[in-house]
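One structure is given below, represented as structure tokens, and several questions about it will come after.
Order of writing sets the labels: A, B, C, D, E, F, G and H. Residues in every chain begin at 1.
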Amino acid sequence: MDERMLSEILEGYKDGSLDLGSALARLEDYPEADLGFARLDTQRAFRVGFPEVVYCAGKSDGHLRAILERLLSLGGPLLATRAGREQFESVRDLSPELSYDPGSRTITARRPAPPPAGSPYIAVVAAGTSDYAVAEEAAVTARMFGRAVETVYDVGVAGIHRLFRRLDLIRGASVVVAVAGMEGALPSVLAGLVSVPTIAVPTSVGYGASFGGLAALLAMLNSCASGVSVVNIDNGYGAGYQASLIAGQASRATG
Amino acid sequence: MDERMLSEILEGYKDGSLDLGSALARLEDYPEADLGFARLDTQRAFRVGFPEVVYCAGKSDGHLRAILERLLSLGGPLLATRAGREQFESVRDLSPELSYDPGSRTITARRPAPPPAGSPYIAVVAAGTSDYAVAEEAAVTARMFGRAVETVYDVGVAGIHRLFRRLDLIRGASVVVAVAGMEGALPSVLAGLVSVPTIAVPTSVGYGASFGGLAALLAMLNSCASGVSVVNIDNGYGAGYQASLIAGQASRATG
Amino acid sequence: MDERMLSEILEGYKDGSLDLGSALARLEDYPEADLGFARLDTQRAFRVGFPEVVYCAGKSDGHLRAILERLLSLGGPLLATRAGREQFESVRDLSPELSYDPGSRTITARRPAPPPAGSPYIAVVAAGTSDYAVAEEAAVTARMFGRAVETVYDVGVAGIHRLFRRLDLIRGASVVVAVAGMEGALPSVLAGLVSVPTIAVPTSVGYGASFGGLAALLAMLNSCASGVSVVNIDNGYGAGYQASLIAGQASRATG
Amino acid sequence: MDERMLSEILEGYKDGSLDLGSALARLEDYPEADLGFARLDTQRAFRVGFPEVVYCAGKSDGHLRAILERLLSLGGPLLATRAGREQFESVRDLSPELSYDPGSRTITARRPAPPPAGSPYIAVVAAGTSDYAVAEEAAVTARMFGRAVETVYDVGVAGIHRLFRRLDLIRGASVVVAVAGMEGALPSVLAGLVSVPTIAVPTSVGYGASFGGLAALLAMLNSCASGVSVVNIDNGYGAGYQASLIAGQASRATG
Amino acid sequence: MDERMLSEILEGYKDGSLDLGSALARLEDYPEADLGFARLDTQRAFRVGFPEVVYCAGKSDGHLRAILERLLSLGGPLLATRAGREQFESVRDLSPELSYDPGSRTITARRPAPPPAGSPYIAVVAAGTSDYAVAEEAAVTARMFGRAVETVYDVGVAGIHRLFRRLDLIRGASVVVAVAGMEGALPSVLAGLVSVPTIAVPTSVGYGASFGGLAALLAMLNSCASGVSVVNIDNGYGAGYQASLIAGQASRATG
Amino acid sequence: MDERMLSEILEGYKDGSLDLGSALARLEDYPEADLGFARLDTQRAFRVGFPEVVYCAGKSDGHLRAILERLLSLGGPLLATRAGREQFESVRDLSPELSYDPGSRTITARRPAPPPAGSPYIAVVAAGTSDYAVAEEAAVTARMFGRAVETVYDVGVAGIHRLFRRLDLIRGASVVVAVAGMEGALPSVLAGLVSVPTIAVPTSVGYGASFGGLAALLAMLNSCASGVSVVNIDNGYGAGYQASLIAGQASRATG
Amino acid sequence: MDERMLSEILEGYKDGSLDLGSALARLEDYPEADLGFARLDTQRAFRVGFPEVVYCAGKSDGHLRAILERLLSLGGPLLATRAGREQFESVRDLSPELSYDPGSRTITARRPAPPPAGSPYIAVVAAGTSDYAVAEEAAVTARMFGRAVETVYDVGVAGIHRLFRRLDLIRGASVVVAVAGMEGALPSVLAGLVSVPTIAVPTSVGYGASFGGLAALLAMLNSCASGVSVVNIDNGYGAGYQASLIAGQASRATG
Amino acid sequence: MDERMLSEILEGYKDGSLDLGSALARLEDYPEADLGFARLDTQRAFRVGFPEVVYCAGKSDGHLRAILERLLSLGGPLLATRAGREQFESVRDLSPELSYDPGSRTITARRPAPPPAGSPYIAVVAAGTSDYAVAEEAAVTARMFGRAVETVYDVGVAGIHRLFRRLDLIRGASVVVAVAGMEGALPSVLAGLVSVPTIAVPTSVGYGASFGGLAALLAMLNSCASGVSVVNIDNGYGAGYQASLIAGQASRATG
């Protein structure tokens, strides 16, 4: 529940459109909905601005269904990440609002309207075609949080001319998400070319001495360029979230 | 050189106050000053907004002196990090503007005027007294880039009531820098309590299985809280820089 | 066999209710039952107070069946951990006393009666819903050893208010088991809030740089809070056992 | 400050032996003494039963002196660990109560009276002569917290007959601290022989593939014996603290 | 081919029982049989005393069949390790001499006659029931190389009395193979009790911080007992081979 | 000794200018000079084209002196790497031919004449000023082996325009040595821009999660660009040697 | 597209055999073909001499098909690595030119004619039969780039006489690719025996402490022999590419 | 004390040459001499055949002196390893029998007479000159235990012809100790050439990715040759001890 939803309940009770029982019923799950196996933080939208996001990997169909059902009842946008198609199939009857995006492996509902043209935007830049899923997870996350996003994919440093051809688009962003596996060099190159924060996302793309993304992670942490901070391996969601927080400040600046 | 300095030269030449030889002399080191052993990126202030920062660790006195001398001649604020007192003694005669801060181990000159009261600020929060030097490096960096900074130190999670007593100050910031060694839990707790980006800095404080800060680094990368991104171990400068980029956007918003 | 069982045999022989052959037959497996592929330590209950516990992972159905059969014949409570449902199905005909708990993945028999209300208890606290299985393994283990247990789940540090709402229950315990994956910060926060020992259990919950629970393990070993000791990754059994040993002393104190 | 000290102040004010100004002055540092560079948690004795302990390694003489001075003024036992002799020399003039123990590298003051003969005790057992300093840190810590301690040193598993000669003493303890470097096998052997909790302390004793104590740490975490939990490498203090918490429960039981 | 087989060919040609063509045909694969994808070292029995041993894991059925066929044609004992039952099924028609042992996962043929009673023997000692397969691989290997072997299983250090009950058998051996996973402490304890070489074999038995046997491997390399050397994780074959070389010298001594 | 030197001795003996004793004396150290503590491979120049190179780090003054003395007596160019100035001072009286270069930390004698202008050359490219010593070691090595070398320093990827300004020089080389610490991205960028082999040298420049050059090493091994192979951390000598072997083939091509 | 193909288009338009529309159509994908999910670098053949190579692992059938279709339309040799047979089956209808080699797991088309007899060649040397696939990937890559290749397999250092029997063939090469898993010693031995560059390829062959090829990788990076550089674990393609670049220079030399 | 010494005491008392008091005084330290900080295992010579060996690194002068004094009084050979010259100077007045060997860093007394010519011997083989100290520690250890030793140094695999020139000497040994740093390939090559056990000793010689000997350790554990077992990094003593145990059996064989 966010501020608007809580206000509605209070106003409804004050003006009589909502009787006490109904108001209490709607507040029952606030600030925490106890599902037995989980406690949903329903105060979160009020406290940090975004509702709770569901990480689907490893969740049983039963648990996932119970959580999504409750979140749908609370209103507001819904985002579930690392979702397999089978998981989506097991919950899709909950609401016609639910949709599945195989590229980013996300289940979403009530996607906010995109911001008006000319709004500040986040640039999500990815090094290789194999980084696509992680980059898309970042992009979908940011869009679910109401941000504008531009994507620039397959511009790894081994063919750096490809990056330069799209540099104007990247330089126009208010924050850059740079996604790369293997040697993870893209954020270092990008951060030297832009004057906004770069959020680096190492991916587990690679083999042998990439050690599941460790090589890219270490490279990004040791970037010789200033203005780079790093999230966990394959954590597109975390990068999209952090970029949305940063872009939010830019949005207020231009609003 | 930043935009203002380049404009001055061009205008001076146009209005005759600067003859061609003088104008060229002043542009000689633009966009790159070649010292033989190093190439100073004098276009950087123009390109990314801040001048080049000097990392002193491991530099010989001769190299350090040559670099600082050239940067002083270019004008603008000067920041040198990881500087020992002996290094400062070997260069202090270059200019009376140079000063040394042992707490942050920085050499600075021409520190910008602080922003007006009520400006957006960065909160630099540190877990233990041993994290002081890294936190101060972040704070000094941000102040050199013109940001307002509030510091909250020694509020580690083992005595979490100490953190809560200062929570209002932290919540008022436009970005949080969270510095911690050992188990590195501070950023996770903080990010759950604020609605702005948290830049986490692991420190090498600890012993045994801290493995020089690796434990704190891994903890921060695996934060269960959203809104955390991470810089290298002990990289107070990098966090201060990233926070300054983010706060800059908030500053524009309120300006 | 524990002290009571051995006494019964000796008394039975002394008072004539047991002839020599029967007494020897019952003592045949004492202090060690040799199954060829394994030696059951039947003196263990006598020596350390608890009978041997069976670790099922990797055991063939034949081996598991032979071990459980012998342990059932020895009397006393029976606990088998890391058991898959198929493993249970392959042994369930051995005795109607056997039951399976999918949440903790345990097979048990002859669960001791719970201690009287008001007895000292162990608090098993878990950070996330994904830590459920490990936490339940700890809880079941402690209950099989005759301890009272209270569980508090899904109270990770990213939403620390959830933890505080249940703090009184946790503070009332005589020992705390703190279960967490990802950044593993829960034990540090808890140990600063209670005055009893905290047994920390890292879990393999996480991805990327969690390296299978290594991040949480290192965080717990480096806890800035005093009063934390740590068991192996996912070792709910070990934590439940250690907590039971500690709580046993508290039980004697209040008995 | 502990409960007794706070009561004294309150009673003194109530019965007039302390005027308001004096009472407030004595309460000024409660619950937190702000030294600028550090915040001393003066409520800690009240909250968890022991006053704050000072970790000296890496602290400047000035900081160490300021902290000890304040702690001495607060009353109660004082323990400072990982202290070099030079550090002690720089503070010894603060009070004649301070003394230095080179074996454990501790500075102490106001050591509590030992508990009466026959009290429950902690057994501190060490594998090799090189583990002496860590074991002594555990023993001194426990004694400072009012526990009885028996030490058994140089009983490593390569000459296991030496351990067996002292087994009765170890078995009589209410908790065992087992200290070992190199292969770290002592806790596994001990825990199979006793029926009380074993706190294992890996030490950095060794070379080559001991990797600074990592080998011993991993061995202890993987102990095949139940009833073992582990603290950080060389963390004698942490083991002594945890053992004191556990022994405290046993003390109540026999009190 | 060993010395005896080569002599037979030469003698056969000399005495006319073998014509030149037949002699050459039998020598065709000496000292190397080229199978295209592999070169069999047929001189090995002559050079180091044992024929080449086949490591089956990862080999295709076709390759395995071709290699075993050639080795069978060369005569002498045959040993293939890490063989799945399906691999055995795919080659069993090659010769009625081939047999499969699921415990050690070996395929063998022409097992040498056991040495006479009273011969020096190798003691293969294993800590847990899960170490069975690796220990049996060592035992089968040694028997294939003509050594006598005694096995003592499930005598881990957590119940050290079990080990002591079998100590006389172990002490009578001319070399000890000590197999253990988890904390890998068995070789340290054993080597302190015997006066012959101990070959330590870490196994991948364990979970969490055992890191696939790394914990046991490090423990064994750091053994505080003298007289221990170590082979790769799960390398029962290597230990059996090394023990056979050592025992061979003892055999000559008593022969 | 190389082919020319051996021929001289043989011819001298044949034409009588050298008597048998003198010829044998000169051949005494061929193909191996036994210094007791070391065996110099005097056949090496004949076998692989370059004489033996001395690695000074960790060598006592006595050993170093003995080795250099013998190598000087054998004739041909002399290269000693990782030499401290004190080591040079302890041997400089051996010959006026010896000289010391502090930048590359090398001792050399009889440096070959540089190849004629227009010869194929090796480009040694370094990312930062701190990589200077390693890059110079590569350059000196190559020059000692008779190659032409061009150096391009301080062109790291965070300011990629600096690299592009010198790209023509780099593209003209017949092999590129790319030296970088921190995130180690330079070789990936370079290899995408040139059509000759790139030899990548990670350096230990960095701190925290650079882990002594491990981050750069992993990045280079995982390069997304083709045409990169890697040598050990800080191994400027190895890169210079490998580049010399490669450039030698190009030299023959254009000769 | 390479120089020849671009020239054909330009000439065709100049001489009228190609009208403007057709010329533009053929140039449409130059210098980059945008497939949406990927950008093919069609200028690459012109820039570095070889067309882009496709890494099949992890690619969906749809993506792989689209990429191969476009590359086939561009002309020139085609190489796709790490391809499963199923992947080949899903694209084989694209062109009768496509063929699949299960040994090297490559899909190829338009393999260049082999160079004339007596041309310089690359020696691909492998230690064990299990290294076959990686070695063949290197060999196929080099042949696709027009190089002559000789292979020498199963010559690991444990039977070093097998290597010496083929030494003349290896010494005749202009560059050596040395492939080995387990202890990775082959490149060190080889590089001491030849006077040309050795490209070392560690493989993931092994178990236990080979850690997926890490042991071999470290061994190769630490080679005591000069003239060794290393590629990623199992990166046969990378070694074949690097060797082709080097051999290309030798080819020019002899051409 | 060994069997002979104990027998002397008993016989002396029996035949009256020793009175009861003297006999008891001489037995006072048997089977354990308690020095307070250490317990000397005086039964060890009786139990395993060799007296206790002293590891000097990290021992204070006082402790070392006390231990050596007691061991000298017990009679029999004395060996102290990892001893600095200063340590020797601090104890040399204890007995004129003590001598110091800087090459192996050992203090010894009462070195046993060498075995008669033609006795079985141990071959200690080292790869590089930097491995000298570790190899000598192995050789001195074996000689102190009464074994004959032949040393072959500086025969690393990069110049494998040097090894072959001394192969007959190595092949004649009854056990081989193979010492190597860097890539650690020597044991693999050796074990393929001999038919006796090879004890491999990795050394910390190297830099960069040798990680303090880890590279050599892993290589040796992964040896593709059979008959190799491994001791800790730099553990020359351990290898010498293990080799002495093995050679002892060979000695009995030929005795």
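What we mean here is this: a residue touches a chain if its C-beta (ideal position, glycine included) is under 8 Å from a C-beta of that chain, and two chains touch if they have at least 3 such contacts.
Quantities reported herein were computed from a predicted structural model and do not represent experimental measurements.
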Inset, instruction - Could you tell me which chains are in contact with subunit A and with subunit E alike? - result: C, G
Inset, instruction - Looking only at C-beta pairs in contact, point me to the busier pair out of E-G and C-D. - result: C-D
Inset, instruction - Please pick, from C-D, B-F or E-H, the pair whose interface repeats that of F-H, with more than half of the contact pairs identical by residue number. - result: B-F
Legend entry - Rounded Å distance between subunit B and subunit C, as computed from the means of their C-alpha atoms: 50
Legend entry - Length of the line joining the C-alpha centres of subunit D and subunit H, rounded to whole Å: 39
Inset, instruction - Take the average of all CA coordinates in subunit B, do the same for subunit E, and state the distance between these two points in whole angstrom. - result: 62
Legend entry - Residues of subunit E engaged with two or more neighbouring chains: 159, 208-210, 214, 217, 221-222, 226, 232-233
Legend entry - Residues on subunit G engaged by subunit F in the complex (per definition of touch): 47-50, 53, 174, 192, 194-197, 199, 217, 221-222, 226-233, 237-239, 241-242, 245-246, 249-250, 252-255
Legend entry - Touching residues (chain side subunit A, partner subunit F) in the complex: 127-128, 156-160, 182-185, 188-189, 191-193, 206, 208-211, 214-216, 218-226
Inset, instruction - In the complex, go through subunit A and note every residue touching subunit G. - result: 129-130, 132, 153-155, 159, 161-162, 165, 205, 207-210
Inset, instruction - Would you tell me which residues of subunit A are touching subunit C in their complex? - result: 31-32, 37-39, 41, 43-44, 57-59, 63, 202, 204, 212-214, 217, 232-235
